[in-house]
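Some structures are shown below for you to check.
There are two complexes below, and they share chain A, which is joined by chain B in the first and by chain C in the second.
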Partner chain A sequence: MFFYGFMQRAFQASFLISLIAPMLGLFLILRRQSLMADTLSHVSLAGVALGMLIGVNPTWTNIFVVVAIAILLEYLRMLYRTYSEISIAILMSGGMALALVLMGLNQGGATLSMNQFLFGSIVTISEQQIWMLLGLTIMIGLLYLIFRKPMYILTFDEETAFTAGLPIKTMSILFNVLTGITIAVIMPIVGALLVSAILVLPAAISMRLSKSFNGVIMIGIIIALTGMFTGLVGSYGYGTPPGATITLIFIIIFGVTTLIKKIVLQIKRSKLLNSKDL
Partner chain B sequence: MNALEITNIKVNYHKQTVLKNVSFNVPEGSLTGIVGPNGAGKSTLIKAVLELIPKRSGTVKVYDQALRQQKHLIGYVPQRSEVDWDFPTNARDVVLMGRYRKIGFFKRAKKRDIEIADQCLDKVGMLDFATRQISQLSGGQQQRVFLARALAQDASIYFMDEPFSGVDAATEKAIIHLMKEWKSEGKTVLVVHHDLQTVEEYFDRVLLLNKEPIQYGETQTVFTMDNLERTYGGKISFLERATVLT
Partner chain C sequence: MHYIKVNDLAFHYEDEPVLENISFEVNSGDFVMLTGENGAAKTTLLRNILGLLKPTKGNVNLSTKNRWDEKLVVGYVPQQVASFNAGFPSTVLELVQSGRFQRGKWFQKLDKQDKEHVRRSLESVGMWDMRHKKIGELSGGQKQRISIARVFATDPDLFVLDEPTTGMDVHSREQFYKLLKHNSKDHGKGVLMVTHDHEELRRYADKHIQLVRKEGSPWRCFSMDSCKEPSKHHSSFH
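Our next item is the complex of A and B:
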């Protein structure tokens, strides 16, 4: 399996995605924006459909559309402070509807390619996509190192961050834009329907295992690597869609870690009770 | 000298006016309580002053200059419920958040900053919990971590939103001690407060508010039964009435 060029590229892509996912995922979870990733992935389908319709590389139209929507999302989040899920609902359904209409207008071979974007494909990962992903990983890594503290303060307590003089609006928009670009780049690989799960699940699992910020990210990377690599092997072996296989592996890891944590807690409790009895 | 000059603040929420005609000056080194019934706009006032929510109209001057130029003088202690206490961080890191304006947001905290953070935790009796994950702290302990963060900020004007709400006696004592210390250092403190029984003991100035200012001034002059009746519209309890009258 490792002698095939497409599998090598799939593993390279998975490795890079595993580095990005916990960093973005943790901030998405803590900012209560897990569903934003889902919204952007639905909207990104419209970007792809637009590219196919006008005959431009779908990745570029995708990035353009997703970035525009990411900015709009932040505006709507401010507008509907108390009902922030309204913006998610509007844009998620709107993005999907637009994608379907654009696909309808583009009669012909678009459906097959659209399937690839919906469910992801490891066979079609190109050299260009790997380079793009590498650039994105370096960019996110650098931004994380530079903006870690301000983002940390902003995420913990937005109001205090504002009174402390942080440009919270600009930072929020930049974070959304970065999430949008990431989704646009990794969506063809893992599929629009499950891209948010791959971004969010590693951080969600590691949050249960570590109570420190860096700990969550480090464990998240290990979980992401385990899930992505196992998922890829499974996907190759059984001919199942990669995004779905990886997501199921993550859910299994989630279930197993929850179970182990409960057992450990139970053992600790009974030990404590026994020592008190003595 | 006035630390704060607030002029004609008006706040609307969905076209409905929730706060209007709010004008008052806060002298430097004073302890001011903002008091009023639920829904009177006490927290809204603080947030509007700090530009956390949009104002319909009004201006805020801090030491005679616009707030935006003087933000470095401001310390804000939000309500405990406004923060996610499951956030993966410990008490010391929360206190360090208060230092980053001084450290620089893009620089690492130095040993000296960590020492200062620990001193602040010690001052509120929380040093033993420095590395404790914040979700494992009680409500009162969480409030004390917030206080330590405010201390680490070393601001000139502090805005505190219901700091006494749901805290234990030790925390209440720590808050009072800190407020008096800030006052003795010439710092100005504004506190949203709901317990009428402690107003006279804690504050030297009071703003009675119910969607608009009812009375503002020195506690001895303003905190009268008559003014409270006007503020609360007759909804003042027997116990509170007895406390104010004695």
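Our next item is the complex of A and C:
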């Protein structure tokens, strides 16, 4: 399996995605934007469909459309502060509808490619995609190292961040744009329907395991690597779609860690009760 | 030197006036307490001062410089801070250390002096022993205390505090007021605080601003009673 060029590229891509996912995922969860990633992945389908319709490389139209919508999402989030899910509902259905209409206009030939974007494909990862992913990983890693303190305050409380003099609007927009670009780059690999799960689940699992902020990122990377590699091997072995297999592995890890945590807590409690009885 | 100057401020929620004719100053070294009945728009006034809301009329001048002509650092504790996101993955120490970021440490490592500041702040609210706990595991009162430790760790030029003593026991409250008074009296810090603590108002405040309902207004609109020195013999609360 490891001698095939496409599998080598799949493992390289999985490694890079495992580094990105916990960093972005943690901020998405804490900013209550887990669903934003899902919205952007639906919208990105429209970007792909547009590229196919006008005969331009879908990666570029995808990035352009997703970034524009990411900025619009931040504007709508500010507008509907209390009911921020309204913007998600509008844009998620709008993105999907636009994608379907554009696909309808581009009759013939596009269905197979659209399937690849919907469900992802490890066979089609190109050298160019690996380089894009590497560039993105380096950029996100650097941005995290430089801006983790301002982002920590921004995610803890936006009003505290504002009074501390941080440009919260600019930071929020740039974060959305970065998330949009990441989704546009990862989407052809893992599929539009599951890209948000792969971004969010490692951080969601590690949040239950670590007390500290940096700890969540570190454990998240280990979980992401475990889930991605196991999922890829499983996908190759059973011929299942990689995105779906990886997502199921993450959900199994989530279930197992929750169960183990409960058992450990129960043991601790009973020990405490026993010591009190003595 | 004035840190806050409010000139004839009015604020409307859509078409409904909630604040009118508000004018006062908070200077370096002032300990100012803001009181009023529930729903008297005290938090709205603070949010106008901090720039989180825009006044409908009048203006707020929040100084950009402190009395040493350096950038003014504001320490804000919002109302019901104890209800912050319980799942936020952070230890008590991480959160209180984040108070130092505002002191020019956004892109630098915290040094020995910063860490000493953090230790003293946590000790001042009796939370040093709990520094490695996850913030979500704390009680409401403990969360309130670490929020206060965080603002002390910042060592701001101006404290803006919205009912910071909610959920505190008598001893912790006493300690908190003494520390705040020491900061304003001996270090020239400005303090603007919304409170319902009658006794402490009498003992510690230099100025008292009371928001009272405007007579004759068809709206639930509040204005200042006056800006006065609180009586040291009896409380001015009704």
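Following the convention adopted for this analysis, the second predicted complex is superposed on the first by the 278 of 278 C-alpha atoms of A that agree within 3 Å, B and C clash if a C-alpha of one lies under 4 Å from a C-alpha of the other, contacts with A are read in each partner's own complex, and residues count from 1 in each chain.
Here is the rule we go by: a residue touches a chain if its C-beta (ideal position, glycine included) is under 8 Å from a C-beta of that chain, and two chains touch if they have at least 3 such contacts.
Computed from a prediction, not measured in an experiment: that's the story for all the values here.
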Clash or fit: chain B against chain C, after overlaying the two structures on chain A? clash
Identify the partner contact of A:Leu30: answer first if only chain B is touched, second if only chain C is, both if each is, neither if none is. both
Quick check for you: in the superposed arrangement, does A:Ser212 touch first (chain B), second (chain C), both or neither? both
Does the superposition put A:Asp157 against chain B (first), chain C (second), both, or neither? both
Overlap the chain B and chain C contact sets on chain A and report the shared residues. 26, 30, 146, 149-150, 152-153, 155-157, 159-160, 162-165, 207, 210-213, 215-216
Enumerate the contact residues on chain A facing chain B in the complex. 26, 30, 146-147, 149-150, 152-153, 155-157, 159-160, 162-166, 207, 210-213, 215-216
Per the touch rule, the chain C residues reaching chain A in their complex are 50-52, 71, 74, 76, 78, 84-85, 87-91, 94-95, 98, 101-102, 105-107, 132-134, 160
Can you list the residues on chain A that touch chain C in the complex? 26, 30, 146, 149-150, 152-153, 155-157, 159-160, 162-165, 207, 210-213, 215-216
Touching residues on chain B, where the partner in the complex is chain A: 47, 50-52, 71-72, 74-76, 78, 82-84, 87-90, 93-94, 97, 100-101, 105-106, 133, 135, 149, 153
